[in-house]
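Okay, got some structures for you below.
In what comes next, subunit A is part of two complexes: it sits with subunit B in the first one and with subunit C in the second one.
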Partner chain A sequence: MTRRRAVLLVRIAVLAGLTATLEICCRTGLIDPLIVIPPSEMVASMIDRVGSGELDESIVNTFSTIALAFVLAIGCGTLVGALVHRSSRLRDVVDPLLASYYSVPTFIFYPLLVALLGLGKAPLVVLGVLSGAPAVMISTLSGLDSVSPVLLKLARVHRLSPARTLWWIVLPAALPRLFSGFKLALSYALIGVIAGEFILSGTGLGFAISFAYQSFDNRAMYGLMLFVLLIAVTANGILYVWEGRLARRRSTG
Partner chain B sequence: MSDFAFEDASSRRTSRGRIRTFDAAVLVLLMLAIWQAIGSWTHGVAVSPPLQTLLYLFDLVRTGMFWQHAAATLAAFLLAFVLSALIGLALGLIFGVRRFAGEVAEPILAGFYTIPKVTLYPVVLLIFGLGMSAKVAFGVMHGLVPMTLFTLGAVRNLPPVLIRTAKVLRLSPGRTMLWVLVPACLPDIVNGLRISFSLSMLGVLIGEMFSSQRGLGFLLVSGMAQHNVPLSTAVVTVIVLIAIAANTLMLRLGKRIAHRSK
Partner chain C sequence: MSDAAVSEPSHVALSGVVRQYEGPPAVHALGPIDLTIPRGEFFSVVGPSGCGKSTLLDVLCGLARPTSGSVKFEGSELHGEVPDGIGVVFQEDASMPWLSVRQNVAFGLRTSGLPEKEVAERVDHAVSFMGLAQFSDHYPAQLSGGMRQRVCIARTLVLRPRLILLDEPFGALDQQTRLLMGDELLRLWRETGATVLLITHALDEAAMLSDRVGVMSARPGRFIDMVETGWPRDRDSRVVSNPEFGTVTARLWSSLREESLKTMGRAA
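Presenting the complex of A and B:
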């Protein structure tokens, strides 16, 4: 426990030190303020921007798109994964496909999706699902593999219905693996949607950042950037902590 | 009797292999059919059908313009990949051996891995200016972290006796890394290289798509902007094929190394 606390303290100290160094370098002119603005300014700009209410629409837009992509990726990925798990022949075909799929930079499909579905929410959601769903599929497959046969036998001995077997036996046993897929799906949905907005879009936070960059409004750009990164880190952090808690509960019984 | 059984098993294996090849062929045909369906459904305004794309690609490959763009992407990507592999390997080894530093650094790296790094691209552009170095830096930002994390994990899971032996033999830190750690972690290092490969390619391509005058990413976006659908579809096809080929090659290599080290 003390070691864990020491690690945490050093980690905070390192991050704080880096931020302080950046602040000092910017304030003393070592780093050109046209390139990077001091972190305190970034925070001030973020509070300005978000507090002014002009971003409300973009924020709602971006996060509803991300949420939709995330939920769809989890739904499709789990469903298809469970179906594929039932047939070993299908699995033989799908496994190599999945193994090479993640190496394809999914993002390059985005221009095609925009041409196909028009500029707006649809291509972003599809992009998020395309990048997230395969990860969920892989984790569903490995999660279902990790359910030991003895548990299924137990379910049969107790004459559980298929739905109850799924809910009481399979889901809890597969949950840790499933969860790592959900975590990946969230970060892929975040990355895909914001990258899509950034490269080619008319709305959303990603677009706002690229707009600020193109109009040389550094203060706004850094404020927005900090906001997006803080939200991404928080969302991923929540899942990370939740996963840790899940794992601990399992190990203690 | 045993001979007979063996023959039976091997014939079953080849028949299973045949089924697998058949299924794979069906899958490829199915994907081509979907591609064709999307192409003809939209009358080629969004995606050009496979055959047309292939013919266009043959013409494209004969132009010097294509090779200029491909060379620009390749140069940036190779530099980014080599840099992220070497720096990531070194960082991973150091953080793996120095446990405390590793525990401090790992969540920071993992956090950086999951954030949308595109938002940081303007900063990269402001620091490096438009051009090759910005693309390379952005590629390294994507490829460095997975390489570091994979190496770190591999070193941490090594049997401690290896490191202790190196200490007993009084190997210098450099030699310990080169002679003990790297060979012992080779399978994981190859896995890290594979992920780092595809992510640094992604970084370079996104960089080219956002603001660049050269490279395949630029070609893709300009094909879109000029409503040159066969061009953008052809570029996507080339990138996907290269990515899959490279990944398959590294998967095979990784399997062979893992097999040999067992």
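Presenting the complex of A and C:
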């Protein structure tokens, strides 16, 4: 416990140190403020922008798109992963594809998606799902692999129905691995959606950042970047803590 | 429950049981086996590794169907499903790491439909019977291998099985723990009045615990010897100091030696 706390303190110190260094460099002119504004300015700008209410619609748009993509990625990924797991032949076909999937930049399909689905929420959701679902599939497969055969035998000894076997044995046994897929899916959905908005969109935070960038509004751009960063870190942090709680009882100590 | 048993010819009866695995290559794993176990007997099976002991257990409890022959439990034939009244303890750790000791033990009764109060009573009893009372809120990861196996035995116990099948349950434990777990098993057998079938590779364990020991041949597994030990019902691990113990163990080994050599030769 003390060790964990020490690590946490050092981590915070490193981040604070880097932020302070950046602040000093910007303030003293070592870094041109036209290129990077001091972190304190970023925070001020973020508060301005978000507080002004002009971004409310973008925020709602972006995060509802991310949430939708995340939920769909989990649903599709788990379902397809479970189906693939049932058939060893299908598994042989799919495994190498999944392993190399993330070497493909999914974004190159975005223009195609816009052409197919129009310029709205739909292509962004699809992009987010395309980014996140394979990670869920991979973790579903490894999660189902990790269910020990003796527990499935136990289910048969207790005459559990398939649904109860799934709910009482398979899911809890696979949960730790499933969870790491969920965490990745959240990150990938977030990256997919915001990058999509960045490339081509009329609304959303990605678009707002891109717009600020193109109109040389550095202050707004950095403020928004910081906002996106904070949200991403917070969302991941929540999953991380939740996962830790689940994992703690399974480990010694 | 033992009142009804008196008139019954046998608790478990296998006749002409053969188990083959379809190939390629097809494997004749087991049999033909004829075996009857009277109610309340402590019966052990020893045999060289890979002789089909675990297959026998699967067939016995209905997890696997025999390729031919029949398996009867309490007079009715099994059809690829585990009947009510049979409890199984596996060799591998089958505790559920996401449930506490208490929840693990209660798992056996989740589908029982018993009133909550009765479930609680039975769970309390099984937990304390297996010496787990002070660990009931622990999770399996916090327990030793022997303790986890106790959890699994307690989970079987709450179901009040009339036949308990154990597949090398102490295989992963050290010698002292094994001896003590053997004593626990004897106590459990005496107090529940259940029929016990223990599969083991340890001759001394079989000799110490059982009323009768069946020695299996190398694959395809068949019984090549049946040894009656003649121990009193209220025995414990101190039976090892009985001079008869050496005789029983020696007989088991002389039956088994040649078969073990066969499997060694096959492996080489």
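Note that the second predicted complex is superposed on the first by the 251 of 253 C-alpha atoms of A that agree within 3 Å, B and C clash if a C-alpha of one lies under 4 Å from a C-alpha of the other, contacts with A are read in each partner's own complex, and residues count from 1 in each chain.
What we mean here is this: a contact is a pair of C-beta atoms (placed from the backbone, for glycine too) under 8 Å apart; a residue touches a chain by one contact, two chains touch by 3 or more.
Keep in mind it's a predicted model, so treat the numbers as computed, not measured.
Chemist: Return fit or clash for subunit B versus subunit C, each positioned on subunit A through the superposition.
Modeler: On the superposed model, which is not a single observed complex, subunit B and subunit C fit side by side.
Chemist: Of the partners subunit B and subunit C, which touch A:Ser180 in the superposed model: first, second, both, neither?
Modeler: In the superposed model, A:Ser180 contacts neither subunit B nor subunit C.
Chemist: Quick check on the superposed pair: does A:Val157 touch subunit B, subunit C, both, or neither? Answer first, second, both or neither.
Modeler: In the superposed model, A:Val157 contacts subunit C only, not subunit B.
Chemist: Going by the contact rule set out at the top, does A:Ala115 touch subunit B (first), subunit C (second), both, or neither?
Modeler: After superposition on chain A, A:Ala115 lies in contact with subunit B alone.
Chemist: Using the superposition on chain A described above, determine whether A:Ile35 touches subunit B (first), subunit C (second), both, or neither.
Modeler: It touches subunit B, and subunit C stays clear.
Chemist: Figure out whether A:Leu15 sits in contact with subunit B (first) or subunit C (second), or with both, or with neither.
Modeler: After superposition on chain A, A:Leu15 lies in contact with subunit B alone.
Chemist: Using the superposed model, give me the angle at subunit A's CA centre between the CA centres of subunit B and subunit C, as a multiple of 10 °.
Modeler: That angle rounds to 90 degrees.
Chemist: Looking at A:Gly237, would you say it contacts subunit B, subunit C, both, or neither? Reply first, second, both or neither.
Modeler: first
Chemist: One more residue to check, A:Ser142. First (subunit B), second (subunit C), both or neither?
Modeler: So A:Ser142 meets neither subunit B nor subunit C here.
Chemist: On the superposed three-chain arrangement, identify whether subunit B or subunit C touches more subunit A residues.
Modeler: So, of the two partners, B touches more residues of subunit A.
Chemist: Between subunit B and subunit C, what minimal C-alpha to C-alpha distance in angstrom results from the superposition?
Modeler: Minimum over all C-alpha pairs of subunit B and subunit C: 7 Å.
Chemist: Please identify the positions on subunit A that touch both subunit B and subunit C, taking each partner from its own complex.
Modeler: Of subunit A, no residue contacts subunit B in one complex and subunit C in the other.
Chemist: Considering only the defined contacts, which subunit B positions touch subunit A in the complex?
Modeler: Spelled out, the residues of subunit B in touch with subunit A are 19-20, 23-24, 26-27, 38, 42, 45-47, 100, 103-104, 107-108, 110-111, 113-123, 125-127, 194, 197-198, 201-202, 205-206, 209-210, 217, 220-221, 223-224, 229, 232-233, 235-236, 239-240, 243-244, 246-248, 251.
Chemist: Can you list the subunit C residues touching subunit A in their complex?
Modeler: By the definition above, subunit C touches subunit A via 61, 63, 81-82, 86-88, 90, 92-94, 96-98, 100, 107-108, 110-111, 139, 141-142.
Chemist: Touching subunit B in the complex: which residues of subunit A?
Modeler: 6-7, 10-11, 14-15, 34-36, 89, 92-93, 96-97, 99-100, 102-105, 107-109, 111-112, 114-116, 187, 190-191, 194-195, 198-200, 206, 209-210, 213, 218, 221, 224-225, 228-229, 232-233, 236-237, 240
Chemist: Report the residues of subunit A in contact with subunit C in the complex, numbered from low to high.
Modeler: 148, 150-151, 153-154, 156-160, 164, 168-169, 172-173, 175, 246, 249-253
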